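Pasting the structures in now, so scroll down.
Same chain, two partners: chain A is paired with chain B first, then with chain C.
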Partner chain A sequence: MSTHELAEVERLRRHLAQSRRLYEVRDDGQGGRHWQEVGPKDFTPLEPEGDPPPFSAKLFFFAERELLFRFDGGQFYSSLPEVRPQAIFGLHACDLQAIAYQDRFFAQDPHYQARRHATLLVGVECRESCSNGFCSLVESGPLVGDGLADLVLVRRDDARGWWLRVGSAAGAEAIRELRLPTNLDGCQATRESNAARVALAQLHDRELLDGVAALNAGQVSADTWETLGTHCFGCSGCTQVCPTCSCFAPLEQVGASGEVQHERVWDSCLYEGFQAEASGHNPSASPGQRVQRFWLHKFGEPFREQFGHYGCVGCGRCDRVCPGGIGVHGVIGEVGRP
Partner chain B sequence: MIDLTPRKLHLLDSYEDGRDARHFSFRIDFPQAHDLATMPGQFFMLAVPGVGEAPFTYVSPPNLYGHFNALIRRMGNLTDALFALRPGDTLGYRGPFGKGWPLFFSPRRVLVVAGGCGLAPLAGLIDEASREHLSSRLSVVYGARRDEDQILARERLRWKLAIPFIETLDDAAAGQRRGTPLDHFDEVFATVQPDTLLCCGPESLMLGAARASVEHGIQPSRIWVSLERRMHCGVGLCGHCYIGASYACLDGPTYRYDRFLALTGATDSCAAPALQRC
Partner chain C sequence: MNVVPSVCTFCGVGCGIGLRVENDRVVGVEPQPGHPVSQGQLCAKGWSTSFAIDAGHRLTRPLIKEHGRFRPASWDEALERVANEFGVARDAAGPTAVGVISCARATNEDNYAAQKFARAVLGTHNIDHCARICHSPSVAGLVRTLGSGAMTNGIADIDLADVILVIGADVTENHAMIGARMLRAQARGARLIVIDPRRTRLARLADIHLQPRLGTNIALLNGLLQIILANGWENSAFLASRCEDTGPLRHHLSDVTPERTSAKTGIAVADLEEVARLYSQARAAYLAYGMGITQFQSGTNNVIAVSNLALACGQVGRPGTGINPLRGQNNVQGACDMGCLPNVYPGYQDASALAVQARFGEAWSVTSPVTPGLTSLGMTRAARDGALRALMIIGEDPVLTDPDQNQVAHALGALDFLVVLELSMTETARLADVVLPAASFAEKDGTFTNCERRVQRVRRAVTPPGEAKADWKILAELAVRMGYPGMDWEDAEAVFDEMALLTPIFSAMTYARLDEHHGLQWPCDAARPQGSPFLHEERFPLGKGRLLPVTNVAPDECPDAEYPFFLTTHRLHFQYGGGSMTRHSPLLEREIPAGLLSMHPDDGGALGLHDRQAVRVRSRRGELETRVRLTDEVPRGTVAMPYHFREAPCNRLTNDAQDPITHMPELKACAVAVEGLPAGEAPNAEAGAAEVIRHVHS
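And then the complex of A and B:
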């Protein structure tokens, strides 16, 4: 991995946007922040600090709704997406860890991989902890792990611009024409300082680890889960914003011409009917069972063994979105208390 | 990469085979080599165009010509649409998926317990045993509520000539065995002394059969059950068929009992709530 000096981060963005669609989180003017396309002539300063955007970048790869196949009355036709080269600019370490998690989960999914292979990931390392984040406790930040991004931005402490770390051959090729000078003096010290600062700010969240331990030891009673379940509105907010949630449901529609389109759409394990069978049997009929399932999927050791990381990357989005107060702090923070 | 697009499937024929159940014959368009590797107890995703896909098990696996059979009970929108189709109509097919039954007859003495439509996933295995002249190693106890709920009438006639085959009904007429399969376990264990159980049916039946078999001396590691779960993709992606940290479409639907208990965090003595909750 090489490290370069980068005086103006916007120059990098404009350069990357010349040959691909580039997306960055921007204010929408109505109090919201979303991933928006940014053109090669955009000079808006990058604002990398603060909370991660309400929606992670998973929608770029695992589409919220997409066509899988169609049937014309005689034959079935596959429908793989045609993706133009794209760059996701300004990804926090937690979201990059989540992409790595989904890369493994969807390793054999042609729809996901078609989008993923067409994408350049540009990360930015946080200098401060965000309001609900605990990335340092689940080893997903604030430093971007090796191989998780094609390019990684590190802001210099001395206000003299940035370091740009190259994480892949695709990243090196993407900046080749910029001819950036190589310089890693002070970069690692700054990164270590950032990591220590964020970890210190997140120290108070160590109670979450007690909750994870209790969860995996089976020490959380069914009654506790049912009590937590009474707070679940079944709104699917958590699963929508969670960067590692991946469940989907089929949606089949018949057009006016009679052609059948079979799509998949994001689904949620918190919905009452998620496991309901045609016979009426529902293995997860109670809200408590579904809440338990969601958190086992995020923090269960069997999943960590399978994917090399917890299904939770510590972004804190579920805390922000849950109307019932049973985001990660409301659940995992609670079940670890003696 | 996996392929989520169905292959073309022809509906050849069907006949009534139990209450609200039909026995279907299908033909896969352009069968492939892997179709022949289908194992009893595996399943396929059947696409009914305009309605969707659902998982069903094989009564007989695809042959060289792509022909196979399935017993399907009318249960919801998709099967309503399927039952309205006629021979020659086009459907979609993906499969085979999941883990089938273990095929390890000799020197084991295998007890097969089935309830209702749970006989269908075991049909291929019973046929296999009959063909391989392993009938002395295999016994079947088949339970249903009433005689009209019994399925695979033609196959049962054939099997009864080849292997020990007990039929029992909740609502039995004079001359018929009465009760659930469990009511006949003492007799079965006294006569055939099985050391292996394969079971498919309602979860309460499977749980009861597994526990009773353990009490009769069968090791939990010699017991297999077939779990029904909602499945949309069949390839471990949609998330619907979870059982603990496992997906039934990949690791099941056939689970070894001790592994199933470990997945649900239960022991065989307290598996009832686990089965209800899993």
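And then the complex of A and C:
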């Protein structure tokens, strides 16, 4: 694994965009910020800092609506996505950690893996904490963990140029033609100071760890969960934007000719119907139980053991999207209070 | 994949959404963190948009009914048929025998085209839409007290209030992002007060919940006002400078006492006093109300009672205050603004005024109609009596949403000709002679106006399925066939520009300016080019505000021995309207599959019912079967049903007793009987549906 000097990050982007579809987060001028395709002739400067976009990169691999198969009345036809090489440019460490989590969950899923294998991940290490983030407390940032990205950008302290860390053979191959000089002078020191700065800014969020401990110790009362559950509108926003949420439901549509299209679509465990059984029995019948279940999946030790990481990467998206104010700070931040 | 900025197509809040498009299909949505209304959040309906407009269940070709069955037809044949039928009806019985019911879900451009089609092409003021059954009393009531019927303040004013008073509105379910904003305001210290006979989510989270008996709104509001006046808590300076004489109202309230109010409403005197004090003494109190005020036969007077309270306390005309009717549909404000009402042209210009008639007649090169138009329920009645012969319904489903379903189906069945413009086959479309496939909001350009008067752009993100077209385009082609060339617009922007030219309150708006400003709130004219975030700062449109004496009127039909329960109607967070969009989401559909009846556990116990048991619900007008949900959300003696479900259409039971001023039907209260079906039996969706079924096949 090598580290290179990169004077102009946009040059790298233009180069990568020549042979693949490249996506970067941009403002749309109407209040939205999202991953948008950027062409090889785009000279817009990269804006690496700031809050993450509403959506992580999960939708590039775990599609929100995916055709699995068709049935024409006689025969089933499986459907695999048509994939083209693509690059996701400017991923923060938290989102890269989430992709690694999803990679494990969907390890055997051909749809996910088809897209994933066609994708080059280009990370950027944050120098400042974003407004709701707490990556340093859940060990998902701000530094990009080894093996989580093909390429990682580290901005120099003087903001004049970058280091480019190569994280995989695919990453090395992607930049080979650029012939970037190797240089790691000062890179590690800068990274360590970035990590320290972000951790310091996130220090006030240590109470979240008390909440995680209380959650795992079963110290949160059913009443507390029900109070939180009253704040849950069942909108599904948290599970939509959570980069590690991976639940899906079937959708079958019958066409005019009788052909059946079987899709899988993003589901949400905050819906009452998510766990409802045909008998009418529901193991998570109350909103409080559903909220509890969701957070156990994010911070429960058994899940951490299974996936090697918390199901929460500290991006803070749930805080922003929750109309009831029960994102991670509203729940985990509260349940740890004595 | 690309993301197209747009506005949510469900309720009147007007949240910003990005439509995520892949291969010419909307696969999902995302919230817009920088949107002034929704601030990066959405409700369950908004998140499910992609299912709502999926091509899989959409109408893709015009349909003509022959021998009780639909067959596909070309646009040419279908439009020719529509043009002929309207021509025949008009020639036989005059322009008052034809009419249009427009659509609060469609764009301003579609609605402008609909009323122009009615007035300039058909030559009638018979144009209305579903505002009739949601906020027509708000318009009528507030016009009488202030002179203007829209929300006086914006949604962002919630952030500035120190008291928030919600009356008869289930805000977290129906206007979820406004509910969310109220909860955020409460979290930063504002006091949240909810008045609702049902124990809604917001009521449970509120600092104070007053649970009045159904149909005692005016008694309660008069009672609060009497306490305020008795304690000298009114805003005397505001009353002196901004309002007309309050003498008649004070005299009217002279025999009200807190004890009498308490006896009438069922609310303790101490709670009444606390709410009267908090609201009147607040630095800024934001009052919001919904259909729990308007959907009564005393709807207009209910609104006047609300207005009296706000005026007496001076909680109008400043940031953080206001009288704020929460409007139901994404563009119900716009459909009203565009003049899809029998009595007004676009911008509330009086349709009976000769100067206004002349102005539009000249602009449109026609002779303006002079006969007053019919309301939607008026048209239904006229159809039943044979006076209305041909009707166009654009994107509405009155068979599910209007009171007394059997009467509605009977009336639509009595028409010579019914044409429906729709996205998918609805209960109402089934009754039509011709059905025309319409483009959804994601398939066309245009504007929606949210409940705070903010006009916002929607953009074409994908191609309409099959041969579907924008409503305005369908109307324009029909106009040409009927010999009127004045609707041959180039695009949606041209429709908007024509409208803005003729509508003073929109006169400084263009698509470019809407884009620049995240939408603009009318009035937006030369004097106020940045729009108007709140109204009535210096004076009311009437000059001085009017506090008008009103008296409580009991619901037309109250429980008795035969029908012992009050039935009230409501909506669910997961569903919208007649469900023709939301019910295509497998996730929303899974939540509450076919409707329900909420009943207090004590009442359920008395009837020997267990949770989820199948029940038959009967009123004097019809019956249906559904499942009972035992919950303390409703008080003893009152049951509640949502209206989204064709399997259990509560509007087969509701009463069409009407507000005498606006013809708003009393959807919020009627009397029903409930009986359990044998254990193990499932509700029959066709029980009691004979009248509807009969007209589908005729």
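One rule holds for everything that comes next: the second predicted complex is superposed on the first by the 338 of 338 C-alpha atoms of A that agree within 3 Å, B and C clash if a C-alpha of one lies under 4 Å from a C-alpha of the other, contacts with A are read in each partner's own complex, and residues count from 1 in each chain.
Assume a residue touches a chain if its C-beta (ideal position, glycine included) is under 8 Å from a C-beta of that chain, and two chains touch if they have at least 3 such contacts.
Just so it is clear, the model here is predicted, and its values are computed rather than measured.
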Clash-or-fit label for the pair chain B, chain C on chain A: fit
Partner chain(s) touched by A:267 [first = chain B, second = chain C, both, neither]: both
Touching partner for A:320 - first (chain B), second (chain C), both, neither: second
From chain A, separation angle of chain B and chain C (C-alpha centres, steps of 10 degrees): 80
First (chain B), second (chain C), both or neither touched by A:279: first
First (chain B), second (chain C), both or neither touched by A:250: both
Partner chain(s) touched by A:307 [first = chain B, second = chain C, both, neither]: neither
Minimum distance between Cα atoms of chain B and chain C in the superposition (Å): 10
Residues of chain A at both interfaces, chain B in one complex, chain C in the other: 249-250, 267, 274, 276
Chain C contact footprint on chain A (complex, rising order): 23, 27-37, 51, 54-55, 59, 63-65, 230-231, 233-237, 240, 249-251, 253, 255, 261, 265-268, 271-274, 276, 280, 320-325
Chain A-touching residues of chain B, taken from the complex the two chains share: 1-8, 47, 49-54, 75-76, 78-79, 90, 92, 203, 228-230, 232-233, 235, 237-245, 265, 273, 277-278
In the complex, chain C residues that touch chain A: 1-3, 5, 16, 18, 20, 27-28, 30-36, 40-44, 46-47, 50-51, 54, 56-57, 172-173, 176-177, 179-180, 183-184, 187, 201, 204-205, 515, 518, 573-574, 586-587, 590-591, 612
Of all residues in chain A, those that touch chain B in their complex: 68-69, 71, 73-79, 105-106, 108-111, 113, 218, 222, 246-250, 252, 254, 260, 262, 264, 267, 269, 274-279, 281, 283-284, 289, 293, 296, 300, 302-303, 306
